[in-house]
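Let me begin by handing over the structure; questions about it come next.
To keep things simple, chains are lettered A, B, C and D as they appear, and every chain counts its residues starting from 1.
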């Protein structure tokens, strides 16, 4: 299976430094190396201004360590090595998140991130222990020849994998750390984290699934359910965010949801034996993983450039950046179109596969599955619609119109070193969108591993899929040609027409000001009001003066409903810890009493009862 | 013969330091002892020395690990102490901020006890006789008491007093455990098994199970107090916070190991006697309890 | 011969119970002194056959130290710190008595499990255990530092009983070592006490800082 | 290349403004006035093409590319649309997804163009438009899926060809439900009365019109032509279901479908003149009703099988 393996004996008990490369690992390594190298250029320029008291060498050390550990995660072929790389990744990304550690919310975010990843790793530990003693050794290839599982154990392993890897990927109930950690990190780091690091979770899930053999029905159902919930909740929360990087973090949760839906459909196909369903589901998920890493890192880099230039991440203080930062705006626009899944770009390709998969599933006419697929299509379309709304808001509020806070420092376009990676990523998005049929051919070996099936009987599926993709490419070309046609027609028609400049029509209002423009929360207020019982929507209205109204203020914010799940256990632990402090009260007598009690208890228990 | 040297040299140098008056002579002796001890241990790495003092002292595999740790750390502590003494001296003189009651333990006693501590710890590690092991551990407690009492103020006195009382209660229980072990060796067949580790382990099967369990419990609780296992750990934070940093380093790094060695010896016997499950359960129980208590208290500091 | 041993064991149990209930320090010291002396006799009786010279010296030494020297030092310390009554101990005297009885039951129950290989009187193990537990209990329940040292001595006696049994079982070398080490400890204990006369387990670091 | 499909596209390009004319004429008839000439929209377009442009200072290149990309997307969507039973220019499995997303592009860019002017009114229109479109997309896709489930094939042309040939009682209820759903979507997408008033003058009440408020000259012409084309496309969607006959004779079918589209236009005119505008908070209910109708249609299909 691996076309390259390296095993070095290693004194660690049970572990061995065995790494290997197979199609699945390579598929994840490619975006890792593309994005991490581009982010280095960006980061170099981005951090140059912040060197007032921070030594950059430390951050670049941890950056290299993060990339190394992620590569190791993708290549590890031994459970112990995998966990070590996993831990290394968590720790190095923690230090990167803490780069701007002096700010209170960064330390808070870093703290939550550290606790969340380690809770996730705990589940992984249990899973690998179970797998280990089932397979006899902790080697991954030993896992693969576990012939038959008793269903309940396989189910347990699957649940642990979903929780453990889900915590890293950001599936809904475990996503709480993602919107905290990503905005706090410097942009090139959050681009890398959002682009690649959350994919290590999906990679782990895929890797374990290849060992678990034929998935029962409820596995697919669980993944689809959690995927849809992550999608809808993620995009709704993204919709109601004011901070641009938090918005992008929540949209990562949504995209991870879509990937899980793809995986779920693939597993349903595997279970019911429907080849097309399995192929489309897995192909859709894998394509979306690749596409998402491209356009999400592009968006984060764009957001970073804006935040860096403007000095603030709050969208309500920005505006009119297209005129001052044309390149950033252009690339951000391409990223936004891609993430909304609109045709000419790569986002559409993966969503097309997922929809096509669910439509095929619908055709299969097994009664109880029809309901599931209808929900997928309905929710998927809703997620698509909301994504369009969310990214129209982001691009519109930040880049279009007038700048809402003129007092901000003078905004200049970012230097070439930061622009280059963004342009490259934008071109990549366009390229993947246009030549997706050839990309699908490259995907064939990966699909073989994931679908655990020989490639030959997939050739029929492959031909149909490539035929559809080539049609999409033709249509993309038709669209671009039509646009060029209209563009030149218009130029010809407007050639000798008088062009005048004037003030935006504000229906007669004499002196409109930039502050009158729509703000971010107002733009999505109709939608968030529609879903207000899902989101914890808070409004703070301050209106002074009964008859002669003085100045008032209005503030609205939406809290993450999942945040409230984690509050009680942590408060409980804090109370217990505080109460237990009283043991150490410094009174000698009681110290000795503890010893005496232990002694007597042991004596009675062990010797008395002779246990 | 070399084996005796590694114990006797620190012992003698400790006594000499107690007596000698010149400051830098004391320091030279300290450095000399540290180097000799480390040199001997390094030498032991290559040629395992024969048992000496007709079997009472020997370096077995288990002991060797502890010996290397102890000598390495003492080597580091020795150099650190020189500077530490100089600085605390300086602190005492120029800022006079120390409250009137705050006097320093005379340097001679401090350095002397330090070397005696090394001697007693080496004795604990090397001793093959269970009784001798107990005596050595008792000696380490007595020798380390003045070390904790370096900054003579009211709080460190209280900490030392606590350390002494609790550790002696622990060691008394340890003594009881050793006696239980001794009684356990007397079985119906009449022939006695001397309290040497080798014989005890070989003849373990003939020991009386009940007395051996009793011995294990007493030794576990007794030396556990010295080692700082969970319910008996209460003196540890107070003593270590009051003691100078180099001493708390030595205490926690090497002294606890010696107490742990005592427990490991009795565990060896239990395993040989076939009641390994009994001791393992206790170890796991105490281990988890200690981790939980530590986690709670770290969370609060 | 073992008849006398049983008498001594019973006497020691009675003395311990007396210790639990006495509030006057002088009285406690005297009880501990008698107990020490009685214990001194024990090796002679337990020897069974003809006691060799060594055990004879050993017994005499222990009577001398436990019966006379230590009480004198304790009395000196008490006079030095001029404290004569144990003021409101943590656990009241009547409650101590009840707990004493409970400890007696526990030690008898455990000693029933620990059958002694030789025909030393059945009482030996239980009395030893009882004395140790009383010693521990006293350390915990009494406030005064001096009372704690005293109760530590009681615990020593308990271990000593076990020791004498062991000595009876030909581990004399062990007994001697135990003997010397304890003496040194008591000595250090004493001078500490002098400087801590009013101290009685004040509350420590956490609360005050 | 099916050459006759080109004719249909030509018909669409030429005939779409006529729909607007019909609707205005029907509204005038209900209001008891003669109303503008049927070909009035053509005159308007011609007039706009010859007029000059006034651009606001805050606008950027997005303000001009928005409408153009919108028109391009709608034209591509037109090539996908089957003319009743007759298949479209190109059809492949899964082209209904592409169709929905092409309409998505139009919406995306018209809203962006609106936001570019930076006026609060256009912002308001944009936010309302975005809310409706987020709910229209699921409704549209579910409607198309219902049809796909009924005819068990995934290409628009094949669906409509199957739809017209097999006429039996169970299919009628499904077709009716989906037609009503499509009609709701028609009203929302093309900003007809119950959802939004195309010829109101109070900016606060507009939704679609207010986004194009600042466009002038050729941009406005492009936008109006795109709107007309969208009318034509959605008209085709509904007419394709309404006109069941498929004689195989090309001209006869084309005329039949054309008649269907014009009837739809008249129907919309009638609805416009009889209904008043819904309150804004009721419109999401209407759109959710549309998707529920499609789901109901699917259940009927499932049950009948």
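The rule we apply is simple: a residue touches a chain if its C-beta (ideal position, glycine included) is under 8 Å from a C-beta of that chain, and two chains touch if they have at least 3 such contacts.
Remember, predicted model here, so these are calculated numbers, not experimental data.
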| item | value |
| --- | --- |
| By mean Cα position, the chain sitting nearest the middle | A |
| Between B-C and A-B, the pair joined by more C-beta contacts | B-C |
| Chain whose Cα centroid lies at the greatest distance from that of subunit B | D |
| Whole-Å gap between the CA centroids of subunit C and subunit D | 102 |
| Euclidean distance of C-alpha centroids - subunit A vs subunit B, Å | 53 |
| Interchain centroid distance [CA atoms averaged], subunit B/subunit C, Å | 26 |
| Euclidean distance of C-alpha centroids - subunit A vs subunit C, Å | 70 |
| Residues of subunit B engaged with two or more neighbouring chains | 161, 165, 169, 210, 214, 238 |
| Contacts with 2+ other chains: residues of subunit C | 110, 113-114, 136, 139, 202, 204-205 |
| Every chain pair meeting the contact rule | A-B, A-C, A-D, B-C |
| List of subunit B residues in touch with subunit A within their complex | 161-162, 165-166, 169-170, 173, 210, 213-214, 217-218, 220-221, 225, 231-232, 234-235, 237-238, 278, 282, 293, 296-297, 299-300 |
| Footprint of subunit D on subunit A - complex, ascending | 319-320, 322-323, 333, 337, 340-343, 348, 351-352, 355-356, 359-360, 362-363, 365, 367, 370, 374, 377-379, 381-382, 384-386, 388-389, 392-393, 395-397, 400-402, 464, 467-468, 471-472, 474-475, 478-480, 482-483, 485-487, 490, 493-494, 497-507, 512, 514, 516-518, 522-527, 530 |
| Residue ranges of subunit D touching subunit A (in the complex, touch as defined) | 49-60, 62, 64-65, 68-69, 71-73, 75-76, 79, 90, 92-95, 97-98, 100-102, 104-105, 107-108, 111-112, 115-124, 126-128, 130-131, 133-138, 140-142, 145, 148-149, 152, 154, 203, 213-214, 217-218, 222, 280, 284, 291, 295, 298, 302, 305 |
| Footprint of subunit C on subunit B - complex, ascending | 131, 135, 138-139, 142, 145, 155, 157-158, 161, 164-165, 168-169, 172, 175-176, 178-180, 182-183, 186-188, 192, 195, 208, 210-211, 214, 238, 241 |
| Interfacial residue positions of subunit A with respect to subunit C in the complex | 581, 584-590, 592-593, 595-596, 599-600, 603-604, 607-608, 610 |
